[in-house]
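Structures given as structure tokens follow.
After this come two complexes, each holding chain A, first together with chain B and then together with chain C.
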Partner chain A sequence: MEDLLGNIYCWFESLFGQNLAEHLWGYNCVTQIYDGKNLFNSIGLITAGVSLVFVLAYYYLPLYFFNHPRSNRWWNWLIILLIAGIINFFIAYGWTVNDFLNGNIGDCLMYTRDEQGNIIAQHIFTSDCWLFGLSNLFVSTLFFIGWSLVFKWWSRNCKHSPLF
Partner chain B sequence: MRICKPCDEKTWPPGAARKEEMHIFRPRQNAAPRGQTTRPAYALGVTSKPKKKDSDMKIDKTIYKDRKERQIGMTANHTSRPDKVLFFADPHFLFFKSLPTLHTLASRTSRHTDQNLPKSAIQPTHKRNSNYLNLNIKQMSKVIQTLYVFAVIILLASCGNSGKKTNEEIALKDAIKVETIKPTVNVYIENSGSMDGFVNRGNEFTSFITSYLTDISIKYSNDINLYYINSQIIPLGSDLTNFTSRLDANSFRQMGGNRGETHIFQLLDTILKVKDHNSISIFITDGIFSPGRSRDASNYIVDQYNGIKHAFSNYSRSNPKAAVVVYQLLSQFNGTFFDRNDRPIVNVREELPYYVWLIGDLAKIKKLVDSVLITNVRSSNDPNIFAISKGNRKVNYAVKMGSGNFKLDRSNPLKEITNLKRDKRTGKVKFSVDADLSGFLLNNDYLLNPSNYKSSNSNYQFNIKNAVSNPHGYTHTFEFTADNVHKGNVTILLKSQIPQWVEDVNDNEGLNVIQGKTYGIRYQIHSVYEAFTFNNINYTEITINIK
Partner chain C sequence: MSKLYVFGIGGTGARVLKSLTMLLAAGVDCGVDTIVPIIIDRDMSNKDLSRTKLIIEDYIAVNRSVGANGKNMFFKTKISLLDGGLYLQLKDNTQKFDEFIGKRTMTNENKALVDMLFSSKTLGLDMTEGFQGNPNIGSVVLNQFDDSNVFKKFANDFKYGDKIFIISSIFGGTGASGFPLLRKILQTANVKDADGNNLPNWGLVNKAPIGAISVLPYFIVGPAKEESQVDSDTFIDKTRAALSYYKTEDKKIDTLYYIADRLTSTYEHNKGGDAQKNDAHFVELAGALAILDFVNPLKASKNFLRENDNIQQTTYKEFAINSNLKEFNFGSLADETKRLIINPLSRFLLFSKYMGYSVVQRDIDGKDALVVELIESNDTFKKEHKHQPYARKRFTGEFRQEDIIKKLESIQSKYLEWLLEMEKQERKFAPFNLMSTNCNNYIKGDLSVSKIKEFPYKNWARVDDELNAQIRKVDKSLNNDECFIELFYRVSERLINYKN
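What follows is the complex of A and B.
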């Protein structure tokens, strides 16, 4: 069960790469075991939380553009989904790029070295962090859809948004 | 409900109840205002009940000054209440249902009673039983108090000095001790008649012995004991300079002993029986069996083979970390050569092998081998090496992260692979395993030769190369490839094998001088090999599980 979020993210592993995925799983190059923090869970829970907040706001917050008769349109729901997704995109990018820039990613995941210790290949780049952010946007979308299906039924104004 | 205010004469309000509380908190200031009655001394205890309902909550009136003087509390005369109260609970009450036992039975007077009942029904009727019960309770209380004291003492004792910490300190000291004590090196040079041709000043043999022993004394240990050995051990002291200056045939002859026959088994057996765990033995010999004229050589050599095997078997059994290294070197021989029937062949000038045996604890031998590289010693001439130690040792190894298209099993990432797939670029299944093979007395050529390994899964081809720089101490990398994914275990066995040079330099006849060959050397090496590999012929094994 603790690997559930990680397994969801790994649907998009081809986007951000296996080595960054191993870092996010908590692989420790020094001990060679997964004794680090499972960042998929941390980022996934934040993503789920942000999505939930936006879903609850959309369906129950009595403000214009949220739980309002004029907001009862599918594209209103889509805009909220995109806002939540973009926030989660930057959360995931920020988290991973912070690890990347601060050297928190293990050397064995970052580089391949020769017998003298010289770097002969690099495996993780900032572009992988952007792509992980994109993956998180997709995951955020999944959460948003899921939360919407759960919470829409009791909304006064947006019960039928986006569908049914 | 009212709260007592601080004990100040000016703010002190009249009233018996407050005075009483004042007496309770500040016994020294218990003088009542004029015209008011004071309560008797026995009523001044903390158990006295307040007169009024609104005065049952009290505030400690101890001022900061008092607190400063009385840091521990409970002992000073002006104590109002203890700073700290320790509650000792009998675990029995915490974990078990309270049952009416001797020490839990309340006295009859303390039981809950219906006040509407007549007095006779409430008050105790059996005074004798009640007293008996109270007596038992008092005795039990004393026992429990004593037990508490013991329990507290034991707890304090156990907290103050944990055994683990002590053990760690002892272990650390032992480790340092092992590191700082240098081993003793016992050098045995065979001085039988057949060795005379080797000890010609300036040839490879004498040059090597001088350089090697000097390097050992500088780089490994200067605690060196020198011996000649034939039918007996002849001590030569520890003076290396004196020894090397006298390394010639005359000195060999002068030192005596039975120089006519060379029984390798007896020589080795004598060396192996030296029981000193902090020493290693170096045995320098031409390795030629000399049975003497009266013995049948073929029977003799088999007896020697069995004797050596038995001696080393006992040695390795009593020293589980025992190891043996044999260097085979070449030197110009100039003198009389004795064949297997002890027939002398005079004026032989030939390049013949001689052997340097290192016998001792694996770690010490390993350190010697690494400290004094044989190839760097003058006149070593690229020696052949045979090394053996007890097999079935565990080594550190791990699947190399990122060496293929797979995932590591998160519960056992060192040794288990999941989701193994073909590499998109090469179209082959591949993965690599890093291993630390530095703990063996095997040279890199041996370790890099795939023929010295055996794989349990023929679907995977493998090769070995030196590991890339890593912080884990891995020395070699096994690269596995296959056309398809084959799930299951892949086991690599590092075999203990006799090197080919043993057969190449062996002379089966022993009747003539043959350049670079030694009569019966294969029997000596095989007997040692079999003694060490009696239970297990593999040094180690590396197993990877592909799920």
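What follows is the complex of A and C.
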């Protein structure tokens, strides 16, 4: 079960690359085992939480744009989904770019070096962090849809949004 | 299951019945289960009469679709017709008065006597348009009440505990003459039908609690466009003469209501027929309130002063407003009246406005006029029913084309017209901002009626929010029409709640 979130993120691994994925799985270049923190779980739980907060707000918070008789159209739901997704996008980007800039990503994952220790190839770039953010937006969307299917039925004004 | 038989005599009778129907549609509390309206008028083509007939027929259809077990009060009181008919059919429908009395076959002496009693104009009067303000001929023609077959259906239907109420005006022809004649026949013992058999239940009719309202002048008519015998200048004299005769009704009626208004509106002069279409007036609404007062169980000790079924004393009642204003609203009504009508009238208007019925200004024949129309941009139901949970799989598709809903909306449209007409009178009853499209400010005066708050939902969104909330509480076994009316009543009850 503890690998569940990681496995979901790995559906989008081709976007952000295997090396960043290894870092997020908690790979330790020194011990050469996965004894680091599984960041997929940390980021995934935050993503799930943010999506849940927005889903609950949309279906139950009596404010304009949330649980409101004029906000129960499918496009209102889509806008909330995108807002949650963008927040999660930046959470994922921020987390990974922070590791990237602070050197928290293992050297063996970042570079390929020759025998003298010179860098002959770099495997992780900031663009991979952006793409991981995009991947997290997709995961956020999955969570948002899932939470919506769970919680929509008891909403006063939005129970039929976006569908059913 | 007690019934109240309401005899509406003449044009005023029809208009008071219309007001009563509007009050019942709005859900004003009524002390009997069923109202049986019976209209007595020679002028069957009278527009006031046909308007009342349409409203009553629509009401009856909608009433059948009101669930018996819910909280709903809209259309709650049953209106039923005697054998499906609204009119008391008089046997003789001879058109000319001289033909009716058989002048042609009279002896010369009798002809001379008739010529002395009635003018040639009166003798040649075409009675298909009523008695045109001539109670003297009304009292002759309406003696057909003595033809007992007229009352056969009524007697058959009458049960112990039922009551009788008579509405008439005192300053015209039909009402002024019809009221005492009708009262007399209803209290005549052992009336027999045409075959010589006693009318069934007639003993119960004789002893039944009986009330009446006599409407004194509250309008005058303008100059006549064609030959007419209706003359406003005679209204007061006729009233005085009739009142002196009505003294003899003391102890024959349980409760007798009087109402009048010295600030008279001037109506277009039409002697009757299709052209007689008078705007609704607050006096007619007050007349309808008299009917509700008469059957109010809490008033029984004052309304029925009887001993061994004999009337010991007639209770006389009048209606007044708190201040002599040309334009007044709920604030000028007595507390008792406020308690009775503010919530129902406001709630039904909220419902009607939600369905898009609006008062708008239009150019009619070069003049600005206020009219009632279904305005698409104000039709919240049309705009929202596809999106709101309360309507989903219930009130979508062809729902609005269903016969009952069309009739309901027809009454809603006429309800606004009725309110608008009362605003057009010389003494204006204007409790609502009828042109307002905002559900927060359509009730005039500082009465703390509306519970509609601006936060978190504004305007009609608040109503939709409450509709979505209340749909969960509506009995699932109700059919769509029943559910629709029950739901809107519950919502309007939550949002409009005047407590005095």
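In the analysis below, the second predicted complex is superposed on the first by the 164 of 164 C-alpha atoms of A that agree within 3 Å, B and C clash if a C-alpha of one lies under 4 Å from a C-alpha of the other, contacts with A are read in each partner's own complex, and residues count from 1 in each chain.
Here is the rule we use: a residue touches a chain if its C-beta (ideal position, glycine included) is under 8 Å from a C-beta of that chain, and two chains touch if they have at least 3 such contacts.
Here the structure is a predicted model, which means the values were calculated and not measured.
Is this a clash or a fit when chain B and chain C both end up on chain A?
fit
Between chain B (first) and chain C (second), which, if any, makes contact with A:Gly103: first, second, both or neither?
It touches nothing on chain B or chain C.
Please indicate which partner A:Arg73 is in contact with in the superposed arrangement: first for chain B, second for chain C, both, or neither.
second
Does the superposition put A:Asn157 against chain B (first), chain C (second), both, or neither?
second
On chain A, which partner's contacts cover more residues, chain B's or chain C's?
B
In the combined three-chain arrangement, what's the angle at chain A toward chain B and chain C (CA centres, steps of 10°)?
Here the answer is 150 degrees.
Report for A:Cys29: first if it touches chain B alone, second if chain C alone, otherwise both or neither.
In the superposition, A:Cys29 touches chain B alone.
Should A:Gln116 be classified as contacting the first partner (chain B), the second (chain C), both, or neither?
First partner only, chain B.
Classify the contacts of A:Gln18 with the two partner chains as first (chain B alone), second (chain C alone), both, or neither.
Only chain B is touched by A:Gln18; chain C is not.
What's the minimum Cα gap, in whole angstrom, linking chain B and chain C in the superposed view?
So the smallest C-alpha to C-alpha spacing between these two chains is 48 Å.
Kindly list the residues of chain A that each of chain B and chain C touches, one partner per complex.
none
Using the touch rule from the top, collect the residues of chain A that touch chain C in their complex.
Against chain C, chain A makes touches at 62-64, 68-70, 72-73, 155-160.
For chain A, which residues are in contact with chain B within the complex?
Contact set of chain A toward chain B: 3, 18-19, 22, 25, 27, 29-30, 32-34, 108-109, 112-117, 123.
So in the complex, the part of chain C that touches chain A is made up of which residues?
384, 387-389, 392, 456-457, 461, 464-465, 468-469
How about chain B: which of its residues touch chain A in the complex?
Against chain A, the touching part of chain B is residues 398, 401-402, 405, 407-408, 410, 413-414, 466-472.
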